[in-house]
Amino acid sequence: MRPSGRALDQIRPVSFTRGFTAHAEGSVLVCFGDTKVICNATIEEGVPRFLKGKGQGWVTAEYGMLPRATHTRNRREASSGKQGGRTVEIQRLIGRSLRAAVDLKALGERTITVDCDVIQADGGTRTASISGASVALAEALNALVRDGKLAANPMRGHVAAVSVGIYQQTPICDLEYVEDSAADTDMNVVMLEDGRMIEVQGTAEAEPFTPDELNAMLALASKGIDDIVVAQKSALAE
Amino acid sequence: MRPSGRALDQIRPVSFTRGFTAHAEGSVLVCFGDTKVICNATIEEGVPRFLKGKGQGWVTAEYGMLPRATHTRNRREASSGKQGGRTVEIQRLIGRSLRAAVDLKALGERTITVDCDVIQADGGTRTASISGASVALAEALNALVRDGKLAANPMRGHVAAVSVGIYQQTPICDLEYVEDSAADTDMNVVMLEDGRMIEVQGTAEAEPFTPDELNAMLALASKGIDDIVVAQKSALAE
Amino acid sequence: MRPSGRALDQIRPVSFTRGFTAHAEGSVLVCFGDTKVICNATIEEGVPRFLKGKGQGWVTAEYGMLPRATHTRNRREASSGKQGGRTVEIQRLIGRSLRAAVDLKALGERTITVDCDVIQADGGTRTASISGASVALAEALNALVRDGKLAANPMRGHVAAVSVGIYQQTPICDLEYVEDSAADTDMNVVMLEDGRMIEVQGTAEAEPFTPDELNAMLALASKGIDDIVVAQKSALAE
Amino acid sequence: MRPSGRALDQIRPVSFTRGFTAHAEGSVLVCFGDTKVICNATIEEGVPRFLKGKGQGWVTAEYGMLPRATHTRNRREASSGKQGGRTVEIQRLIGRSLRAAVDLKALGERTITVDCDVIQADGGTRTASISGASVALAEALNALVRDGKLAANPMRGHVAAVSVGIYQQTPICDLEYVEDSAADTDMNVVMLEDGRMIEVQGTAEAEPFTPDELNAMLALASKGIDDIVVAQKSALAE
Amino acid sequence: MRPSGRALDQIRPVSFTRGFTAHAEGSVLVCFGDTKVICNATIEEGVPRFLKGKGQGWVTAEYGMLPRATHTRNRREASSGKQGGRTVEIQRLIGRSLRAAVDLKALGERTITVDCDVIQADGGTRTASISGASVALAEALNALVRDGKLAANPMRGHVAAVSVGIYQQTPICDLEYVEDSAADTDMNVVMLEDGRMIEVQGTAEAEPFTPDELNAMLALASKGIDDIVVAQKSALAE
Amino acid sequence: MRPSGRALDQIRPVSFTRGFTAHAEGSVLVCFGDTKVICNATIEEGVPRFLKGKGQGWVTAEYGMLPRATHTRNRREASSGKQGGRTVEIQRLIGRSLRAAVDLKALGERTITVDCDVIQADGGTRTASISGASVALAEALNALVRDGKLAANPMRGHVAAVSVGIYQQTPICDLEYVEDSAADTDMNVVMLEDGRMIEVQGTAEAEPFTPDELNAMLALASKGIDDIVVAQKSALAE
């Protein structure tokens, strides 16, 4: 029934390519099927003004899309002079998700910024970004440990995210663009690897959803995220 | 256990004052306890460019806070030159929530903009805004019916929203500021009056949450929203 | 002859509601008839950079209108990315008027910002704003005295403002919207309670005015301001 | 008593150099002593959107200062990304003053924009701008008449402006920078050549002023403007 | 003598990967050694306003860098609210270079926008961008021919660019970052494949250069561009 | 053959008027025929952040045009909220050219900003700006020497610039607007007075150019710049 022939609970082929660019402390190309995002983690000493002297670090994220990551060209945000509402919403979500996975006290007065830049979009750019950013963040933190700047990696575990939705009255996992644009409900779920939830954002695009549908979607998400965490761990083990 | 002495499932006193300002087609002052928001609905003929000629209407929202709605003064967004990320996120949520409740085809080529301006904040400004905007929207649509421009009100029912969260390990409903700033998890739930969900946005501020906690929060939200819908109906019946 | 039936020198019913919102050091809802403005005074320690180390304080103002304070909706300035020329002009006028009434040396290195936000407009929003801001400012300064931070209130007296104009060849006082939009000349006068002038801004909208007309308008303004000062004093005495 | 040795009612040497730049329909360099402003009037067919189809024209103005027109360098507004409050206030004043002198119906659906760019500042840049803009506007309108596009020049007379103030307790006319920065009250007066007033803007910088002082200042302004109008007429007669 | 051991006239390994992303009409990843740029060409019907009705097309370019394309992170231009001066300068250069190679009349009323986004920078990002954009543009124009929308490809030949400079008193070709940052003179040369010049931009970073040095650099550039054109042709022949 | 009857290698009448405005440390009106630019040099103590503590000074430039410097009015950049791409490109070129002529170490921790404001444009505004800015810079630096703040003027010689181009298949020097807008190639050359090059920027507007044409243009530029340097020296000798 799905355009791709995938099973209802089947995520797309997922890959995490580490060291994708040369300069960042953590650099990952994440692919969720045809959705491709470069995630670069940058470590800088110091923290934003509102955290000065509080003895903790900060993790934040920025999100962007190449103008032609999509079927038609979008105006370049740098040239239009501001980030659109969708961009702002997504990068705040990525930042919150990552922070929930890091012990900021243990990080010390450092700021890690993860840039997620979509080079090709086919649905699920925010969930791919979160999942890829988690690997780039882990890579950067491991480097701090290797360099003797941290005694241990302050991540509480991997963070992964997947979209779920109601498509043709049926809950499915990891929607690609053709499914997403026709779905009644679209939900993004972010979890720690232990199965606890960090973010749940469900939106009824066309039809409101019931508590039963919500729980069906959450079960799909939980399984999909397990599969993604396996891929994350495997990438970091290489 | 709650600072206000409220029961865990008890919402704050809720009121909807219709006709609060003179010019808007729908104007409501909504109070959720000490959180006070002016919701003004404006009807304009025509639709945004991306909807031209599609035979449907549009409902959108904008959100703002008076600089001194909060304990300390926030910089005025008009003067800083842009809306902050939080503002953008909230007004997109309000707009989506309202659209989910309106038959846009039946509305015809009209645009309704609901301005939600917080004059005093004590937690839950976005849920108060959605709930008040729903009443202002209904008021404006009723006027279109009264004026013979629409045969029937195209709303599918009231929309209401409430926040729920985990506070001191316990799920509670309708958090005020002192609870919100200390909560482990904060979730905003938007429902149609028939109990179906339009938006669910849960964020682990401090501690990830489990599926059981999620379901406990959803149950609280459902009860709280029922109480709010009663107040909405009563306000519109006056 | 006036649409409202008022005498030529009669101001609209004026009220000042103190403590209108909860958080500001001074908070006043001022009504000049159907024109309603929330005036919130915020005290912050320190002064802007250009005053650092000069041993004096600063008083400034910002002005805004809810998008639907008027008959038709105005674009939200926060969303259009800048304050319009009219807004800038008005908030500079309010700030200058307030500063002229305060002994800035006696204030010490503090900054008081008064936010004037129009929630309903029917002509005279700038004169209502100045008159209300004066009460909010007095309230905030009295609090500093009460808290022992100042020995005495450094205001030199109340500041009040009223509009006068030439309407159907006749000078009148405190124009409401229908008068204002048809007037030949529009003048805003700001005075200290002792009758001395702080600002006089007269504009020939349609017909230039003569020195005699100017003096007739100033006499009306003086009487109107006396009436407003009585209301200000009464509000602060409560 | 004045730093320059001028009499209390004596304006600075005033000159209007026509044809100062080559391309504008009207181009004037105006000097009020050491204050020098280039005033260029541009005629364009058509009117702004809010006037479309109303059978009238429009006159507007823009104001700027070279960054080093003043004793110390000001940041270039084009590079800071917005016009400051003072700039906005002044260009609105210039535009209103010019419009009051033109029969916009007789102008037809044309827009005239007068750019006033201060190349050297020594007090009174706004009054020099208005007086010079009036000559540039007349020059441009005369060209329309000469080209047969208008039957007669639609100006109702010259517009001129001068500053007056209270300096060392004494009313004086046409303040230069050293007087302006030490004055208690600063007033700008704009008049038609027939002596009727278009704008009066008086501000108590340090001390409030009395009605008597106001009238003394107005008398000085009237005499000063008479002198300026003589120079305007002489420049246009060449 | 060169850090990489390259000969003075030797360019870095150059590659053009076609079809790098899925949606653009032409998509190329160009690598000049470790400098990597994604070049996406988008075809849109219609032309900018200033060309409407002139019977010709338009080719333009936009340039950006991922924030962490460089050794340290640069602020994201979309978030800072404007494109920096360097970005503007480069994208104007790319656009001019491409337009010089296309018969815009033969293109018809179409606009082609080539987005050049640097994902990894090691010197020469503008010359790599121009060279890659030329291939993406050719790919997009070939598609128009294939689809029967154009009778023939309106390009006058390939465009390629290379940087040359004076490094340790010696002219060298295709500077990488370590050479570029230590060079006395930096010149970018853009040529058509027939050896004629489209742009020459030479800047004395530290020491002015002589006509002899200029000619030595141009000779190196000519040879380097020949090598790049071979690679461009080979990529398009695949 | 040239519209003005000038010889192919003949520059327009060039003049440098020193002390053109009163406040700047160096102030020059430069005229290249009908192109007129005010160049004001401002000296400020201190350097931009990126140079703090490096024991050197900084020289930078800003460029602007009065809205009606040209045949039709351009939108004021201060009002449109940003500097256009052409403006940014030109001011970066001016700044680089001036810096190449100054020993920044010898300048000490000072910043000199040269504002180039075009009041009338007839082609060659950037070359006139550079040539005039060089004189204004020299004037400002001489003042530092005169005041005993510098032991010697840290300029390495005069900087001058001229445009050359291919017009009707013929290389010519110092193009005015009618030539510039019809030229096949446009090149700007910046040289030190000793004949060494600082910047060469050649653009094929319509037809690519050959190395022989490039060398013919450079020879013309060298002669034209010699003539300009004579005028610069003569202006400074007065």
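Letters A, B, C, D, E and F mark the chains in the order given here, with residues in each chain numbered from 1 onward.
As a working rule, contacts are C-beta pairs under 8 Å (C-beta built on N, C-alpha and C of every residue); 3 or more make two chains touch, one makes a residue touch a chain.
The structure displayed is predicted, hence computed values, not measured ones.
With contact taken as defined at the outset, there is no chain that touches chain C as well as chain E.
Chain centre most remote from that of chain F: B (centre = mean of CA atoms). In summary, the interface at E-F recurs among the listed pairs B-C, A-E or A-B; the equivalent pair, sharing over half of its contacts by residue number, is A-B.
Although chain A and chain E carry the same sequence, what matters here is overlap: shared residue numbers make up over half of all numbers found at their interface.
Rounded to a multiple of 5, the Cα-based rotation taking chain E onto chain F is 180 degrees. Here the CA centre of chain A is 50 Å from the CA centre of chain C.
Averaged C-alpha coordinates put the centre of chain D at 33 Å from the centre of chain F. Shared interface positions of chain C, i.e. residues touching 2 or more other chains, are given as 81-82. Touching chains close into a ring; read starting at chain E and passing to chain F, it gives E, F, D, C, B, A. Only residues 82, 85-86, 88-89, 91-92, 96, 100, 187, 191-192, 194-204, 208-211, 214-215, 218, 222 of chain D touch chain C when the two sit together in their complex. Those residues of chain A that touch chain E in the shared complex are 21-24, 27, 34, 36, 38, 40, 42, 44, 62, 64, 66-73, 76-79, 81-83, 87, 113, 115, 117, 119-120, 122.
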